[in-house]
Amino acid sequence: MQRELALKVDNINVFYGEFHALWDVSLEVEPQQIISVIGTNGSGKSTLLNAIAGLLQPRGGDVELFGEKISGMQPHQTVVRGVSLVPEGRRVFGRLTVYENLIMGAYTPRARKRRSTVLRMVYDLFPRLHERRNQLASTMSGGEQQMLAIGRALMSEPKLLLCDEISLGLAPLIIKDIYKKLEEINRQGVAILLVEQDINRSLKACQYAHVMLEGKVVLSGNPASLTLEEVKRAYFGV
Amino acid sequence: MPDILVVKSLEKYFGHLLVVSQLSFEVRQGEILGVLGPNGAGKTTMFNLITGTLKADGGSIIFNGVDITRESPARRCRQGIGRTYQIPRPFENMTVYENLLVGAVHGAGMREKHAAPFAMEVLELIRLLPEKDKLAGGLCLLDRKRLELGRALATQPRLLLIDEVAGGLTENEVEMLLKVVKEIQHRGVSIVWIEHILMMLSEGVDRLLVLDGGRRLQCGDPRHVMNSQDVMECYLGSEED
Amino acid sequence: MGVLTAALGTVPLWGSDYLVLFFFLFCLYLTVAQMWNLLAGYSGLISLGQQVFLGIGGYSVAVMGNYYGLNVLLSILAGGFFSVLLALFMSLFIFRMKGVYFSIGTWIFAEILMIWFSNWSFVKYGTGLFIKTNPPLSTNETFYIAFVLGVGSVALVYFIMRSRLGLGLMAMRDNEDVSETMGVQVFRYKLYCFLIAAFITGMAAGVFYIFQVFVQPYKAFSIDWTVKLVFIVIIGGIGTIEGPIVGALILVFLSQVLADYFSVSLLILGAIAIAVILLAPKGIMGTLQAKLGFEILSPRRK
Amino acid sequence: MIDLAQPIINGLLLGGLYAVIALGLSTIFGIVRVVNLAHGDMVILGSYLSLAFCMWLGLNPLWTILLVAPIMFCVGFLIQSVLFNRVLGKGMEPPLLMAFGISIIVQNFLLLVFTSDARALKSDLSMMTISLGEINISLLYLLNFLIGLAVILGLRQFFRKTFLGRAIRAASDDVVAAKLVGANTSSIYAYAMGIAALTAAVAGVLVGMTFIFYPHTGPQYLIIAFGVVIIGGLGSIKGTLVGGFILAMAQLLGAHFFGPGYQLLCGYMVLLIVLAIRPNGIFGKA
């Protein structure tokens, strides 16, 4: 019997018009796992996450969530099935309050029913969001907005959380804090796929890592077995 | 010989966000200056400021001894600044040849009569002669990137700003483009070159400028810069907890 | 192409009065639409206020002919001239505006002139003016002037496109920002187009109102004019020289064939417009060109 | 001073009506980024629907709002989901032609059904006035103002407090993020257009009770709506109210000083001045 996978990405290719952005990318995420994808900008990491979430449609290849094919679906369909993306640049709704942002996170009918319960859990995880619940999202600091983006993504009670460069532009202490929260979320049973430029941080957090370069996965392994030298070489393509 | 481009304390805000901060550097006559930096480091914004697509909020840009900080993009192009775009942006409903003609007629200020043979010459240099009468919108990525270089070249630049030619191409294709860039340099054009594949930069460039958060992190000899601690950190993340 | 032009030019010799009228209207709509196409299709200036030049052109022939007894051809020219003056004045305001605001700004100018003229004793307020030309023109003579304008406008746009200006305009049509960094003087070229369009539109309006014999502010400065131009150009194919020809033919055909059922013809026009946008967003000629790759009046360089 | 008070009061009251006329145009631009050039015709369609109900059921025009508004909501919803949603993101021209197409269809449909005769929604209100010393307040204008204010405040509360309202705001803030939380943005846009059409319906009934109208009166109200949003900024509810007041005030003061023929002209002049100084409107974002 095959082990059940939270996410299986099988040989997907993605194009922006003529631009071939992802070349035969495959990876797997088991339930309970944190997997990270590392690479410079332009290496195709965000494209990968967007393709999983349904913002982009792969040309060829399959994406499966707990055995169900989700490639070809629109984002509102993947969210219902348990995928939630914390987008690059946070993209909180700036003119909505923190509370309203979180409410929007529970958009699907199923999530709406359990809204108050999940909202309490998110406030427990990020007490800062509770303190600031009536503040406009645009007036918060970068770190707080990042927490809000994660909190909003959690409101749909995802089985798989996709995080796109959550440390970008944040101070080291805040990054550390946010990563602790991610581990906590993971312990509660959410599989996580992390995308980062920051090699050290994401290697520490994950159980398995892939390095991408120019739209291809060039190196994979568990963090213990990968040497920093190896990773750097793959990362920069030297 | 004086420096072809001098950038002094350049600043740019997007709303309240400072995206380019006190940026100063110079480009020497005939050199290739590589530019490196993580996402959001302000590299493309810097290009937009130099070409005039964006107006600087502070500082000055001196090109060939003339202050061009307030000039229109078109004037800057006429004075000899050419650029390529990261994602090629050809004039899609015009043919390859017409694309080059725009550069030669409007950028270099030639009459169409004289521009025609010049455009043919450029076509040969970028190896697009067979595709001459194809619509640019129908080109494959490699040809688009070639056209991007060729079109900039057709404006007869003295300074060429290259924004990532290698992305999305195979190794062979990258090497082909590398040759073209070298040929351009041999014609006496100074080049500023943003690239992500470090191999290209460490091999091809004379000096390297590293940006992070809109500021200048390092500038100098490529090998020296690549091995410096803060450059590694800005890519790999800090070690300390 | 030449045969068709010759056929068009000789309509009065072989066609019925009805056909002369048909092609007279066709030529004028073609002229004005071709100019709107020059603005919207090539320069990115979506003007909703072209009626301003139609009104000015109409009133110029009326005032110059009735009050000053100016020769009819000169009166028509005067219409173009005054339109250019007005366009220059307007450009002081509207060239600061971008996108939608430009469109609304031009429309507001037209509305202002409509009210101005309907409150101006010199032009007999809202009742309008009858037009007496000097010398009086026969139907055929007016047709020939319209013919010259129609063919002239197509030729003009064609030659603009073959020129340095046109090369820049085509680049601007594809990508304004990039063309500017390639040395194209975007602002100046837009202004040129705006002035050229004003000039030709003003003259065409003069001919139209000579035929109508009567000019009145609520009709002359009405947004209905621009609505028709938008239909002609977008249905025919925006940014193509042939588009307005096809579009004008459809519009005049519909309005003449269904002349007795005026509102039905417009209902059909509206439906066609929506269908074209949904099925062939580039317009009839634009889609044909993309699919079949042929161009009759090609501004292509080889 | 007293003779100035009359036009100022009237301007204030008329401004409330102008604001409702512009509300839908402004909302749709703020959310869907489409300039709905058929908005004026949707207002007039509302007037004619009300007329039809008045004639058919013998109702007071005011009560027809309850029937016309839901019908117009459906019309707006359909127009967006069947037509506008298909041309989004394809540049400025396709939605422009689409809107003109709708506009011309509505106008000529009304012409066929109702002929080109001048129409009005008659009620007892139009004659009644309240006198405060030397100032006469038309009851109808007062009613316009109050209903207008109620619609604007109601819409504001709707956007603030309801789930759908919040979802619409979220989608106008960041479409991609809205998609990522699971929102079907096409249907959100359709609801938004439905609501815009609903406000147009209210505006239409009020306009019909206050002024005479013809099948082709739509563009007149479109340009008033434009005027309001130019002053107030596209996509801002608060700005719409301020814009309505300023435009109406400029018109009525203009009429007071230069004569009724110049009422519209003065409004436009103020618009041009605003546009020349602030090409994106007073409250508009740069």
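Every chain is named by a letter (A, B, C and D) in the order it is written, and numbering of its residues begins at 1.
What we mean here is this: a contact is a pair of C-beta atoms (placed from the backbone, for glycine too) under 8 Å apart; a residue touches a chain by one contact, two chains touch by 3 or more.
Here the structure is a predicted model, which means the values were calculated and not measured.
Q: Chains touching chain A and chain B alike, please list them.
A: Shared contacts of chain A and chain B: no chain.
Q: Determine the centre-to-centre distance between chain A and chain C, using the mean Cα coordinates as centres, and give it in whole Å.
A: Taking the average C-alpha coordinate of chain A and of chain C, the gap between them is 54 Å.
Q: In whole angstrom, what separates the CA-based centres of chain A and chain D?
A: 43
Q: Once you find the CA centre of chain B and the CA centre of chain D, what distance in Å lies between them?
A: 49
Q: Where in chain A do residues touch at least two different other chains?
A: none
Q: Which pairs of chains touch one another in this structure?
A: Pairs flagged as touching, ordered by label: A-B, A-D, B-C, C-D.
Q: For chain B, which residues count as touching chain A in their complex?
A: 38-40, 87, 139-141, 144, 164, 166-168, 196-199, 202, 213, 235-241
Q: Across the complex, what residues on chain B touch chain C?
A: Its residues touching chain C are 51-53, 72-74, 76-78, 83, 85, 89-95, 97-98, 101-103, 105-109, 112, 116, 133, 151, 155.
Q: In the complex, go through chain A and note every residue touching chain B.
A: Per the stated touch rule, the residues are 16, 18-21, 40-43, 165, 167-169, 172, 176, 197-201, 214-215, 232, 235-238.
Q: Enumerate the contact residues on chain C facing chain D in the complex.
A: Interface residues on the chain C side: 40, 46, 93-94, 96-101, 103-105, 107-109, 111-112, 115-116, 118-119, 223, 227, 230-231, 234-235, 238, 263-264, 266-267, 269-271, 273-274, 276-278, 281.
Q: Going by the contact rule at the top, pick out the chain D residues touching chain A in the complex.
A: By the definition above, chain D touches chain A via 163, 166-167, 169-170, 173-174, 176-184.
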